[in-house]
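You will see two complexes here that share chain A, one where it goes with chain B and one where it goes with chain C.
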Partner chain A sequence: MATRTPPETAADRPPGPASGRAGRPPAPEKARRGRKSATAGTGRMAALLVSPTLLVLTVVVLYPTIMALRESLYGTKGLDPKTGFISDTEPFVGLQNYTDIFGEAGERFWNAFWNTTFFTVVTVGLETVIGVAMALIMHKAFSGRALIRASILIPWAVPTAISGLLWRWIFNSDGIANALIGHQILWTTEGFHAKVAVIIAEVWKTAPFIGLLVLAGLQVIPREVYEAARMDGASPLRQFWHITLPLVKPALLVAVLFRCLDALRMFDLPYLLVGAQKSSVETLSMLAQNEASNVRFGPAAAYAVALFVYVLLIALGFVRLLGADVVGDAGGPGRKKRRWASKRNRVEVPA
Partner chain B sequence: MLVAAGLVLTACGSSDDSSSSGASKSPSFSGRGPITFAAAKDSSGVVQKVIDGWNKQHPKEKVTFVQLPSDVNQQRQQMIQNAETKSDAYTVLSLDAVWTSEFAAHQWIDQLPAAQFPLDKMLKPVVETTKYRDHLYAVPQSSDGGMLYYRSDLLKKAGVSAAPTTWAEMQAACAKVEKLPEAKGMSCYAGQFQKYEGLTVNFSEAVNSAGGVVTDAGGKPDVDTPAAKKGLDFLVDSFKDGTIPKEAITYQEEEGRQAFQSGKLIFLRNWPYVYSLAEKSKVAGKFTVAPLPGLTGAGSSTLGGHNVALSSFAKNKATALDFIKYFTNHDSATTFLKEGSAAPPYADLYDDQALAKQYPYLPVLKKSILNAVPRPRVVQYGDVSSAIQQEAYAALNGDKSSTQALKDLQEALQKLSAQ
Partner chain C sequence: MTATLKWRTWLLYLGVAAVVAYCLAPFYWMLVSSLRRTSDIFDTSLLPAPVSFENYRAVFSPSQGFGRALLNSLIVAGTTTVLALLLATFTAYAMARLEFRFKRLILTLIIATSMFPVVSILVPLLKLFTDIGWINTYQAMIVPSMSFVLPLAVWNLTTFFRQMPDELEQAAMIDGCTRGQAFRKIIIPLAAPGIFTTAIIIFIAAWNEFLIALSMTNRPSIQTAPVAISKFAGASQFDTPFGSQMAAGVLVTIPLVIMVLLFQRRIVAGLTAGAAK
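Coming up: the complex of A and B.
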């Protein structure tokens, strides 16, 4: 496979005859030309073209979020002992659903919170290590590489619900897992072994995802860099630490971020593999679902909002502290913001 | 997709507060026209067949079958979603017997005119599951009761002639059978002990079979009693002494059935559906059924089954009422028994000689249902069941003593019934 020069490296090179040919440098000029001819008409046109997207986003994202926030301020309907009927409206309780988390009813919430955090840290950690190893293997040229690549990707292709059932068979009381270790562990009962079962199944399923993204990152590293390193006598380990890892970091960070956000929302795997209402594996999503299924929509919404905030904080932390480049823009955050601001002005001023 | 779109639309529609309570206390059952019937996915096709029969006679009042997921929790969730959005997508609902109170208390289903249904011809415990505060809210469609499956061949060989009626007799029979060379590696008994609804069923059966109750006739929890402790202790001790194999703590219906079919169990508590499947397995002809054993005599099963109810938010309720009558009549029940092997609510069908020949378990099942105790009939059944599972599981696991578990359960149930 021919090694293509990534645009980033091309731009970093000293300006030569080759660098102006394609890629980034001419792009700003084009943009500037476009901006010059921007008139009130095109601005209105842009607003018109964007509005369906905004409308869809409002309906699909904004409306449910606001409804969930609103719902989380309501309590559960009460039973009228005289008629035997549940009242028609939910009482407004303000922030009580949230303060309850810190009160006596919070035990289950915090258990779910720590389970979620534990699963995220452990599974993403293991997945990263295994995923990078998979990517390195897939990147190596050897015979049968296509087969290895395809087989590594199979777990990611299997839907979680199916792999949950699959692993339930494996962790059955007389399943393969117990036959392999020659000792009967009842994996799907309560306890630390239930956590282990979930972690194994989750890592099996999602390490290929990290492998896939890292492989994409590996393939844009120019081969000359390694050749130069080899000339300088760098050991393979040194090459990995000082070339591969830094150059693959943008792709790896995005992969880890995506996995973190996914793992924080983990629901179907523990639900199918170990079962509902098992305190050793109950995650925040499972808790919210359980509350909602018992017609306590207020607390369920509050838990969902808490999870939403938690996920948001983690994502923000990634973008701010680690500089994960989610949008695919190599520029710094300042440049990103400025461009976004100017775009917004262009839409808003004429409209 | 259409249903989903309908849900979204009605969700938007109901957000303005002008819509008043959909459930009136004296429903009028007016309007004729097409309706829908929402029930679990029907693998045998018999539900569609019965509906087709109606559609042929009533071309202007066609019934469309809305198939819900086969998972019970998902069925309930979809029906609640339908009710919460006051959607008229589902007209007639097929409810699990334990949901009646919850659906009635939320006014998601209409009260039905009891005089218009042949309830006196049905088994009494089954009819009881359709009532909430003495008013009829659903009509029985099918029933279900637990039975004791056992290896009659091994019992005969070991010289045990009759099926055990008490737990002690069962254990004595096991002791004899286990001495046989064929019974090497077999365990005595199993039920459903994984932490899910099945555990609620098995725990309640143990308690009821020892003369205890989970909730008394008035619906008040009364589980911290010596009788209930004897029931729970039977399960706990059986796990300890190996009467129940320790992997049975992970068993749901299917795992238990497979263990029985592969010859690992002498006795198994399970539902009637197992009979026809086991007939096609390795143990075919080597097993039979008996009523569940108890502490001092015959035990009591927990009652299962499905009832048909009318959604409060539906249109064309006059048609719906007629359809419910048709769907739950004697002929339909016979069809469900013959083609879907569903236990009928009608008493006389169990005594039919021709049917008993075809379904040898029917007389045992009738006894099981007549002796059956419904699960707690409470509005917050989901929470009650969770509490039972929580404490029973802790006791079976050895995390708690049975005394402590029952004490905690009583406390939890009291808190729930106070709300």
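Coming up: the complex of A and C.
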């Protein structure tokens, strides 16, 4: 799932002359006659082109989400504690699945919640540091670029499930990891070392991806900026802190946002590296999947909804942090568009 | 001066070597382990002493059903890719070229969809598919996969379509083409590289999917390769067949590695399309 591309350019590119038709202000007098019918035709065509995608997404995302909300209000089939009858249908329990989270039964949920949070913070932090370091090396390297580019894509291309098994093998009690450190650690059993194993495997897979995105950000920084800084006598470290980092920040933050959202729904890696129902690595996705596979759909849906809300909050937090740069519709671009249009008008009026 | 320059060049080579080693070492270990004999699978030498294809033979022994799993993976990932490309091409064209109401809102919603935790749509879909008898079918894996590949495809293609000069199409329309014809005859051929890049990225995403494939199937004959490998059985209950798991892992990864090696430039362009600006 590390394949998502950050939604910056297309969503946020302020419509201008360079971006084609999108931002062209209404053409004056001449074109106005034919405009109405053209717009209607365009609208109809757009609706025709966009509706299949929207239809599919409604069926596979919107409908399940609404159903998950509904489902989370129902309990599990079985013995009804009040009547003593065995019910064939799932009883309506209201918000009980959610309130259970805060009660005694919520221990497993909170454990999964903190695991998820811990994994997200630690892996994304490490990935960012390693990724930026990789990007700096790659940016400087002139020979062997193709080799680096090919090798950096390999961890991304290895299926997460396979990399889970691969790391399980590496961290096996007689495996290479223990041979290298000359010390027997039972990595894939319960405990803190299991967390460490998951973190190492996850960072291996995704740090190169951050490196790739940061490299793309580095490549658009004009060379002159560095030359000027060198002439002013700035040390490489100062150049990094005061030029490189601020200039790649937008690319980096988008990469970090996407990595965070990916890490929050982590499933395959801990599931295969350590195993299902291992409390030291169980994430919210694993918990919800496990409940669902045990036909306890109500609690499963409640946990899934909780995870969804968590992801949403983090995403919104990032959008606030970045301003309108991440999601194009946050109002910023609209303002830019108007500003641009009015500037254009001002220019045109005297002409 | 030259001494520091030389020193720096060496440091850079060292850095490059470190990056390559970091990325490839675990993959190399999978390759090496897959070529060991079962008897020396716990050997930690860097090269397999006698190279053996024993593990590969074990993977393809009929009892594992791995060939079938590969075929399943190919069907699921292939169909997902074709469907997503088909729908996304139209949508992305509209997003890049047409001006209509709610455009930004729609694009934002489509992109926001890809941030969704898959597990939150899984529970209701699992229930629904159980009711309509879709469990253990290809469509039960293809349809939910749309939730994350379709936004990805729309997003990628929109970026590619925007990079194409608008004038070409307008020239075609002045020459008497309708918008549809201009799209079919001018845009599609020109966008072919972008569509191809998107196809590779979607295919890899769909091929690597695990959670949906795991939850929607319980019959070995319909499982995709990653799920099948995770369920490989050893000789005894406590014996994990690491050798054949690694061999199967190599086999599942090799198509992707070949794609990456062949099209690395394009894949990088596709992956970083949005990040660099």
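The rule is simple: the second predicted complex is superposed on the first by the 261 of 351 C-alpha atoms of A that agree within 3 Å, B and C clash if a C-alpha of one lies under 4 Å from a C-alpha of the other, contacts with A are read in each partner's own complex, and residues count from 1 in each chain.
Heads up, the rule we're going with is that a contact is a pair of C-beta atoms (placed from the backbone, for glycine too) under 8 Å apart; a residue touches a chain by one contact, two chains touch by 3 or more.
The structure displayed is predicted, hence computed values, not measured ones.
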| item | value |
| --- | --- |
| More chain A residues in contact [chain B versus chain C] | C |
| Which superposed partner A:L153 touches (first chain B, second chain C, both, neither) | second |
| Which of chain B and chain C A:D174 touches, first, second, both or neither | both |
| Partner chain in contact with A:S285 - chain B first, chain C second, else both or neither | second |
| Partner chain(s) touched by A:T189 [first = chain B, second = chain C, both, neither] | first |
| Chain B versus chain C as contact partner of A:N294, first or second or both or neither | first |
| Contacts of A:A263 with chain B and chain C, given as first, second, both or neither | neither |
| Footprint overlap on chain A, where chain B in one structure and chain C in the other make contact | 172, 174, 293 |
| Contact set on chain C toward chain A in their complex | 12, 15-16, 18-20, 22-24, 26-27, 29-30, 33, 42, 44, 87-88, 90-91, 93-101, 103-128, 143-144, 146-148, 150-152, 154-156, 158-159, 162, 166, 179, 201, 204-205, 207-208, 210-211, 214-215, 226-227, 229-230, 240, 242, 245-246, 249, 252-253, 256-257, 259-261, 264-265, 267-268, 270-277 |
| Residue ranges of chain A touching chain C (in the complex, touch as defined) | 1, 3-11, 13, 19-22, 39, 42-43, 45-47, 49-50, 52-54, 56-57, 59-61, 63-65, 67-68, 71, 130, 134, 137-138, 140-141, 144, 146-155, 157-170, 172, 174-176, 179, 204, 207-209, 211-213, 215-217, 219-220, 251, 254-255, 261, 264-265, 267-268, 271-272, 284-285, 288-289, 292-293, 297, 300-301, 304-305, 307-308, 311, 315, 327-329, 333-334 |
| Residue ranges of chain A touching chain B (in the complex, touch as defined) | 77-79, 84-86, 88, 172-174, 184, 186-190, 275-278, 293-295 |
| Chain A-facing residues of chain B, complex | 21, 73, 76-77, 80, 102, 104-107, 132-133, 194-196, 246-247, 249-250, 255, 379-380, 382-383, 386, 389-390, 393, 397, 399, 419 |
